[in-house]
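Shared chain: subunit A. Partners: subunit B in the first complex, subunit C in the second.
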Partner chain A sequence: MPEIRYIDAINQAHHDEMARDERVVVLGEDVGRKGGVFGATVGLIDKFGEDRVIDSPLAESSIAGVAIGMAANGLIPIAEFQFADFIHPAFNQIVSEAARMRYRSNNAFGCPVVFRAPFGGSHGTALYHSQSIESFYAHVPGIKVIVPSTPADAKGMLKAAIRDPDPVLFLEHKRMYRLVKGEVPDGDYVVPIGPAAVRREGRDLSVIAYGWMLYESLRAAEMVASEGINAEVVDVRTLAPLDKDTILKSVAKTNRALIVYEDNRFVGYGAEIAAIIAEEAFGDLDAPVMRLGAPQVPGIPFSKPLEEWFFITKEKIADAIRKLAAY
Partner chain B sequence: MQRIEDLTREELAAAVESYAKMVLARRFEEAAERAFRHGKIGGYLHVYSGQEAVAAGFLSVLRRDDIFFTAYRDHAHALLRGTPPGAVMAELYGKATGVAKGKGGSMHLFDASRGFYGGYGIVGGHIPLATGAAYTLRYLDTDRICLCFLGDGAMNSGSFHEPVNMAGLWGQDAMCPIVYIVENNQYAMGTSVSRSSAATNLASRFAAYAIEHERADGMDYFTVRRVASRVISQVRETGRPYALEVLTYRFAGHGAADLFQPYRNKEEVTQARTRDPITVLEDRLRAAGVLTDADVERIHSDAEQTVEGAVRFADESPEPAADELFKDVHGAWGTWPR
Partner chain C sequence: MATEVKMPQLGESTYEGAIGKWLKQPGDKVERFEPLVEIITDKVNVEMPAPFGGTLTKILVTEGATVAVGTPIALMETADAVPSGDGEGKAPAAQPRTEARVAAAASAGAATKEEGPRLSPVVRKLAEEHGLPLAELAQVQGSGAGGRITKEDVTKYLETRRAPASPAAPARPAPPPPVTTAPATGDQLIKLTPLRRSIAQRMAQSKREIPHAYGVIEVDMTTLVRWREAHKEQWRARESVNITYTAFFVKAAVEALKAFPVVNASWSEEGIILRKAINIGLGIALDDGLIVAVIKQADQKSLVGIARELETLGKRARAGKLTLEDVQGGTFTITNPGVFGSIWSMPIILPGQAAILATDAIVKRPMVRNDGIMIRDIMHLGLSFDHRIFDGAAADQFLHRIREKLETFAGGDAALTDF
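On to the complex of A and B.
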């Protein structure tokens, strides 16, 4: 199996699926001639032409809306938002139209659109190029929200999203594009939307994370391993629909849970996981469920010290693990 | 105004048919207003009375396999396209037999089988969808076209300007066979066009997006139909978008709850009613000798009976079953797109 970068996995999935099905089209700002702001769509326009790879005007609401109309009429659009931060003007289209199309039309129309958006902070990306948006959309029934963390998952889950009958918000943590490398299976394969994955087996506590936080959590788990704390790490690669079983099974084994997410802690996605564990696994717990999330500030600040204060790092996670283990 | 002596026999015959449908739509709206007052219909209700010539003119020349989108004042569009009145009324009642099985209600009708891609409750929200759907028609190599009805109020929203620019652009490659039909009924809810739009010639605003456009009298069925016929053929031929501002008037309040209408005076409404599109058409058909007193009587009595039947059907239909709540949230893997 070849080892490739996360961004290459995304790119390959596009190439494969467009070759497989003529109904797949891509639209977004600079997805064509430029090949995408991060290069996710490189080479598509040369292979598939301008009718299938549409350099759209700078108009997020309508990138989403036009894609929804295309999907209602039989195409499978992949709509790229350059940054998740720019998706807000399209919120109405995604929530009011995409999520409800099948429900209100009693299955006469579906909405097989993939909305792709790079999210999360990297160094210096600051206020408008760093946001985590997953909880806004995970809240809305009718939309699936996925956050693959490995190249194999990125490729297999993007293929699954494209073949899915429903709208899927596909979130790519921008820090992973070039830093994360991994093996991907040869040939055509799909990684199903839904199941979570246990990335590190452990017995003392469960760390539940997704996106870049998965990598910080795995490193933190290594850091505390030498201190005799054996942490299990669960990758929640699908946020909606959530695979509760894998999480509850892990907590039943370890009796302690720490949820790590980069979004603001308050009303963030981890709050839902914490509530589920509290409601459904109370008897398994030896300690209160803990959450580690970003501080309650309106955006990721630019300056390096402020940014470091904001980000959840492996050191902060390791500290939280020690506290939870000692409880 | 279209001169009656210029009309062909076919046009006159089609006009009589449209006249009957417009009468039906009017009677339907009146019945819906009554049902609302009696508490049979809850939520919101926006009737089309006064604007019938617009949808009738366009939908009478639209091909069976063409598609259309509209906003929330959508009952007449469904009826004029042939959706059974009982299924429309039942939807207004929220019954299981409604076109959307009671999930939509007045503002959110649908009839996929007739190319009606829905009424949409967020002003302007459907314009991007219609534009994408139009692109798809060409992408799939068909000669079908898409109509997008919208109101004057929608033209000031961002969701108007963004997709219309895309349509202008894609039209240059013959990839956007869409007709934008601005039904200018003079008011966005309670705010008049002159109080909400810096440029009140709404058709002219399409010039900014390189889209051919014109204004038409929306109270005269023949004018609308002639324009619609020419524009639809052109768009089908060229794959380029076209825009029409159709000047019309809403006789009723914005919605059923808009009782006092402090934003306009009674004289204005009375004046507008002197050009009731149904009467205008009736007079012209009588003058042309294709509509007699007996025809008129029959058409009105048929419409009343059909509407009574629709109301009875809605009244007697069952409420949706509780399990309908969770149906059609997601599609089954492997079933979509069809």
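On to the complex of A and C.
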């Protein structure tokens, strides 16, 4: 199995699926000639032409609306938002139209659109290029929200999203594009939407994370391992629908849970996981469920010291793990 | 709805209890945790708090009667939801849970109104699954924040706990075939009190299961006797407590236990458990039997502190006011048949411990010292020990250590703290 970068896995999935099914089309800002601002769609326009790889105007509401219309007419569009920060104008289209299509039409129409968006903070990305938007959409019934964290998952889950008969919000943490590398199975394969994955087995406590926080959590787990704390790390992968069983099984084993997410803590996605554990695994708990999330400020500051203050790092996670383990 | 109140499990080895006195009568309104009935067990008398609020409608077990743990003893009319959603008394599987809860309420009430430890859900669940009474659980040393008892503490404790009483297993061993004891004309049958029955069971169990071995040594108490006689009034005036010989024996035994941890131990099929805490049980004679009260963490207490606790425990025992806390957790026992004049004793080990020390009467004897005959104050120390756990050599070394402490003391004008 070849080792490739996360971004390459995304790109390969596009190539494979467009070649496999001619109904698959791509639209978004700079996805054509430029090949996408991060390079996710490189090479598509040369191979599949301007009819199937469409450079759109700078109008996210329109990108989403057009994609929904295409889906209603038999196409399978992949709509790219250059940054998740810019998805907000399309909120109405995604929530009111795409997510509700099947419900509203009494199952007459689906809406097989994949909305792709790079999200999350990296160094110096500041307010407009670093937002975490997952909880807005995970709240909405009718749309699946997935956050793959390995190249193999990125490729396999993007394929699964494209083949899904309903809308999927596919979130890619931009920090992983070039930093995360991994082996990808040969040939055509899909990774099902739904199941979470235990990335590190442990017995003392469960760290539950997704996106870049998975990597910070895995590093934090290694840091505390030498201190005798054996942390299990669960990669949520699919935020909606959530795989509760894997999480509850892990907590049943370790009796302690720490949920790590990059978004601001208050009403963030991790709050839902915490609530589920409290409700359904109460009898297994040996300590209060703990969350680690960003402070309640409007976004990641540009100033370096403030960015460090905001961002959840492996050191902060290790501290939280120690605290939870000592409870 | 009518709900049953059951005989609670009061302590690790009680299987039944007797109704002492009903503190409420049918028709009385009862608040939750309000004293409902006085219960006499083999160890202690406690006032059982009402497990829930309501009206007492019917008393099912009259005063003086003895029933097994879990037997319904009264009916109460409750508003609606009783704090147990498990179909109280109907599903047998739900029983231990209910009892554990009642026991928790009862022991919380009995333990001088002290609040029990806060337990996490998983710790409670584990305790229930293993039939570990909450009163016993409260004795576990917590390793979590602020001494909290963690799941790991419980699993470790369960591993070391000897033959945990499974809630499913029959609580009492099958009765042995009866010996021919039919009373003849003129004979009198004395009914067994719960205390008598418990002593009988525990002693028989000990002799059945533990291979007892014995060691006895002679201790020359002359120096200590003279020292104590010369100062005891003065000590009593200053400390307002009688510094008894027993206090010295406890202190000396504690030092020896520290030097020989194997004596402060328990036998289990997995191995020998060395007890970290040194909790000294002391046999206290009562009119109708014998009870062992425990000085906890005796290694952290001064001679005066030990003397004071001995006095308090003795008073409480004779007044029938011992709490569960007072009688649980012993790791080694001292019995003092000497007060009744015995000069040579071989006591029976308390199940769960490795040894028991008997301190016999101090009597004046002619002794050979430096090829001359002297009159000395002599006492025998007898140790019964579990030969599975250690051997005669360790037993004798342990006894010698105590003798050394008692004999080599300077006496004279030395202060109490010098001992």
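Everything below uses one rule, namely that the second predicted complex is superposed on the first by the 327 of 327 C-alpha atoms of A that agree within 3 Å, B and C clash if a C-alpha of one lies under 4 Å from a C-alpha of the other, contacts with A are read in each partner's own complex, and residues count from 1 in each chain.
By our rule, a residue touches a chain if its C-beta (ideal position, glycine included) is under 8 Å from a C-beta of that chain, and two chains touch if they have at least 3 such contacts.
Here the structure is a predicted model, which means the values were calculated and not measured.
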Let's test your reading of the overlay: on subunit A, do subunit B and subunit C clash or fit side by side? fit
Considering only the touch criterion stated at the top, classify A:139 as touching first (subunit B), second (subunit C), both, or neither. neither
Mind working out whether A:282 is in touch with subunit B, subunit C, both or neither, as first, second, both or neither? second
Considering only touches as defined above, state whether A:327 meets subunit B (first), subunit C (second), both or neither. second
With both complexes superposed on chain A, which partner does A:253 reach: first (subunit B), second (subunit C), both or neither? neither
Looking only at contacts as defined up top, I'd like to know whether subunit B or subunit C touches more of subunit A. B
Aligned on chain A, what is the least Cα gap between subunit B and subunit C? Give it in whole Å. 30
Touching both subunit C and subunit B, counted on subunit A across the two superposed complexes: none
Sites on subunit C touched by subunit A in the complex: 120-125, 144-145, 148, 150-151
In the complex, the residues of subunit A that touch subunit C are 255, 282-287, 326-327
Contact footprint of subunit A on subunit B as seen in their complex: 67, 100-101, 103-104, 108, 110, 112-113, 117-118, 120, 122, 125-137, 139-140, 158-159, 162-163, 165-166, 169, 173, 175, 327-338
Which of the residues in subunit A come into contact with subunit B in the complex? 23, 25, 50-51, 56-57, 59, 61-62, 64-77, 89, 92-93, 96-97, 102-110, 112, 141-142, 144, 163-166
